[in-house]
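Here is the structure we will look at.
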Amino acid sequence: MNRKILLLTLILSLTTLIAFAKTTITCSGSTTVLPIAQATAEAFMDGHPDINISIRGGGSGVGIAALINGTIDIACSSRPMKSKEITQAKSKGIEPIPYAIALDGIAVVVHPSNSISNLTIKQLKDIYTGKIKNWNELGGPNLPIVVISRDVSSGTFEVFNERVMAGAKVSSSAQLLASNNAVTTTVSTTPGAIGYAGLGFVSSKVKSVAIEKIIPSEQTVKDGTYKLARKLYMYTNGKAKGAVSQYIAFIQSPQGQKIVEKQGFISLN
Amino acid sequence: MKGIKEKTFQAIAYIASLLTAVCLIAIIYGIFYDGLPLFKFISWKDFLFTNNWYPVYSPPGFGAWALIMGSFYVTLGALIIALPLSLGSAIFISEIASPGLREIAKPVIELLAGIPSVVYGLFGIAFLAPLIRQWFSLDTGLNLFTSSLILGIMVIPIICSISEDAMSSVPHSIREASLALGATKSETIFKAVIPAAKKGIIGSILLGFGRAIGETMVVLMVAGGAAQIPKSIFEPVRPMTSTIAAEMGETIMGDLHYNALFALAIVLLIITFFSNLITEIVFRPKRQK
Amino acid sequence: MNRRKGKNTFWIMMMILMLIITAGFLVVFIVRIISLGAPVLSWKFIVEPPREAMTEGGIFPALMGTFLLTALAMIFALPSGIFTAIWLTHYGKPQWLVNILHIIINTMAGIPSIIFGLFGMAIFVNLLGFKVSLLSGSLTLAILALPVIINNTEQAIHSVPADFSEASLALGATTRQTISKVVFPAALPNILTGAIISVGRVAGETAPIMFTAATFYSRSLPHSLQDEVMALPYHIYALMTEGTHPESQVPIAYGTALVLLILVILIDATAIIIRSYMRKKRQW
């Protein structure tokens, strides 16, 4: 009895849905790129009502894995693909093509009450390996350092790992959070915390510190003086075609880049 | 002589059962198939007993000790919180409350048992964790303590409902006999009713254990995410379930990290199987009575 | 004697205290969700899709997604589960097969939901190539629900007095007729209750759909089985952990949680009401 009712309801809803056929673009990956993807997708869909874009986060690693597994159209990544990943992709018949869609600087943030305003790369590394345990070792307040990092799928983590840690292991007492936002939220409510996040996530709730005396800004990212500057990418399988290439072209267009800047990131040119 | 209708009906039922069997066996098979290859790379002893979970480094580390202990700590904490509260409530509802109160309480508990875990997770991450951080002046509220607390609350309806069932099925004659002999109400409860309901109560605790150790969303959102053995209850932990959930998206089919997560699933499967087995043994003699 | 009376009072007080603390926790919990979720709730919230990077608008796609996932999962799981239970109770031969099936089903009933999600991702999304979709998600959820439905249906059938089927068979009815005309209708209330509660459980599950069906943001509704869907429980999780603008998104998460809560409670309450109504009507 209730089976029949369920079946009936489902058929009814499916028929109403099929009436609205659309092309769908599936996109997944970096939580850094997520706000850009969402904002540009909304603008793009406003202009192209016959195209639907479905966006998921999960971290750059998730997006890249999905691309390699062949289950996604666009992989959003806040880091370039590793050669190991490219080999894996090719062995599965996938040809990853990168499209840069924005520039970003990974900001190192602390609690607004923290007096520290500059760190060297070496100090940053020592903090994250757990060698330096208290802020007073750096001339700051007498407060144990609470290390906030990102989990394994994070592209932001990979870039940080490459430029700062140079392969050294992050201390096991570091908290591994799932997104840029989780990092800034945690740092903003924890006086002894230190974390890193894309520039678009830095708000007045946290304090951004200079790295090697350089503050991350549009200037220092574009001219490369900020050590943790990076490009944000969208990867496709083979050259982008059809709706996918329209969408990516939109993001790279002046209109799209304005949206990039509105989200707090840096345009490509 | 079996007619066509009879044979078809029986065949449908049989096929359904085979389908079920295939699906469920496929899961067990699949988990082992994708998990065992890890042990070509690392011995199962190292996997279980070393604390070295660095799956994306080169060379990768797959020592899951901290994760396994994380699961046990969180579950233990949850049971410590849940047991007195749920058993106390169960005793109250079954033995002390008026029938009217009981009529209301039972459905309410059943409803509470159905609340989705992600809602508990939301409560934990958005409300309880900051509160605990403030109260205890900690670095973070996302830790073993908070997640045990939420997990405990989640498990209370299960333990309470089943224990209460067990206690109310104890024949009235036992209570009446105890009271007739001059025992007080509480003595009757502790010395007559509970021992008689012992099996059901233990069974409910085992079910609560199984629920807690298998819970994913709450620990994913609230336990903190540090793969370490906590030195205090206020430090973050990372149970096996949240590790799987956090890392499964970024694994590529067939690579070592993928195998490692399935290996964790094997551990969870084995724990669940034994917990179930013990529950069966505890409950079965009761049925034969 | 007074000591014993004192102990008695003490323990009774303790029990009451336990109940009060438990009730207290749960009240705080529910009140919190309601107070933070209710302000966000409105008719628009339910029927509109999200806008402005999910800081405004509604959760309609998530509501539809949850509905579709649940409905499909039940369509897959209910017939298979019920027929499996029928086979186990009326046709089960050989005995060793029945026993093994029981062991497997009971083990499955206790497995953590994330393992179903992992399996679903490996088999449906990757191996079979269904990708992250309504199909993958509902199949995963169906397998999750199967053991519970089977156990519940079996119990329901067992609770029908044996005299019923014996009388039916004595009158010359076949097994099939006995099942469909006598046993099943008698067991129906309990089967129904169990099925409805499974619906509630499936609707609230997050872990199995995290990597098999759910998406963070999609504007239009799914128009085929291969589309990704938004879902209420995943929406809550995603907003809290990956949300890009927490000030406006945390309240939306509470609102979504409230909607989910109301949905699940309505479903479970329906089951409980049906069960007690049918119990009163029962003639044995």
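A, B and C are the chain letters, set down in written order, and residue numbers restart from 1 in every chain.
To be clear about the criterion, a contact is a pair of C-beta atoms (placed from the backbone, for glycine too) under 8 Å apart; a residue touches a chain by one contact, two chains touch by 3 or more.
Not measured: the values here are computed from a predicted model.
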Of all other chains, the one whose Cα centre sits farthest from chain B: A
Which two chains share the largest set of C-beta contact pairs: B-C
Chain A and chain B: spacing of chain centres that average the CA atoms, whole Å: 34
Centre distance in Å when chain B and chain C are each reduced to the mean of their C-alpha atoms: 16
Two or more partner chains touched - positions in chain C: 79, 126, 241
Chain B: positions in contact with at least two other chains: 249, 253
Shared-contact residues (touching 2 or more other chains) in chain A: 58, 66, 69, 177-178
Complex contact set, residues of chain C against chain A: 51-54, 64, 67-68, 71-72, 74-75, 78-79, 125-126, 129, 131-132, 192, 195-196, 214-224, 227-228, 238, 241-246
Complex interface listing, chain B residues touching chain C: 2-3, 5-6, 9-10, 12-17, 19-21, 23-28, 30-31, 34, 84-89, 91-93, 95-96, 107, 110-112, 114-123, 125-127, 153, 156, 160, 184-187, 189-190, 210, 213-217, 220-221, 241, 244-245, 248-249, 253, 261-262, 265, 268-269, 272-273, 275-276, 280
Residue ranges of chain A in contact with chain C within the complex: 2-3, 6-7, 9-10, 13, 17-18, 20-22, 24, 26, 28, 31, 34-35, 38-39, 41-42, 45, 52-58, 66, 69-72, 177-179, 181-182, 185, 201, 263
Chain B-touching residues of chain A, taken from the complex the two chains share: 58-59, 61-62, 64-66, 68-69, 85, 88, 144, 146, 151-153, 167, 169, 172-178, 186, 189-190, 192-193
Chain A partner contacts - residues on chain B that touch it in the complex: 51, 54-58, 66, 130, 133, 139-140, 142, 224-228, 235-236, 238, 246-247, 249-253, 255, 257
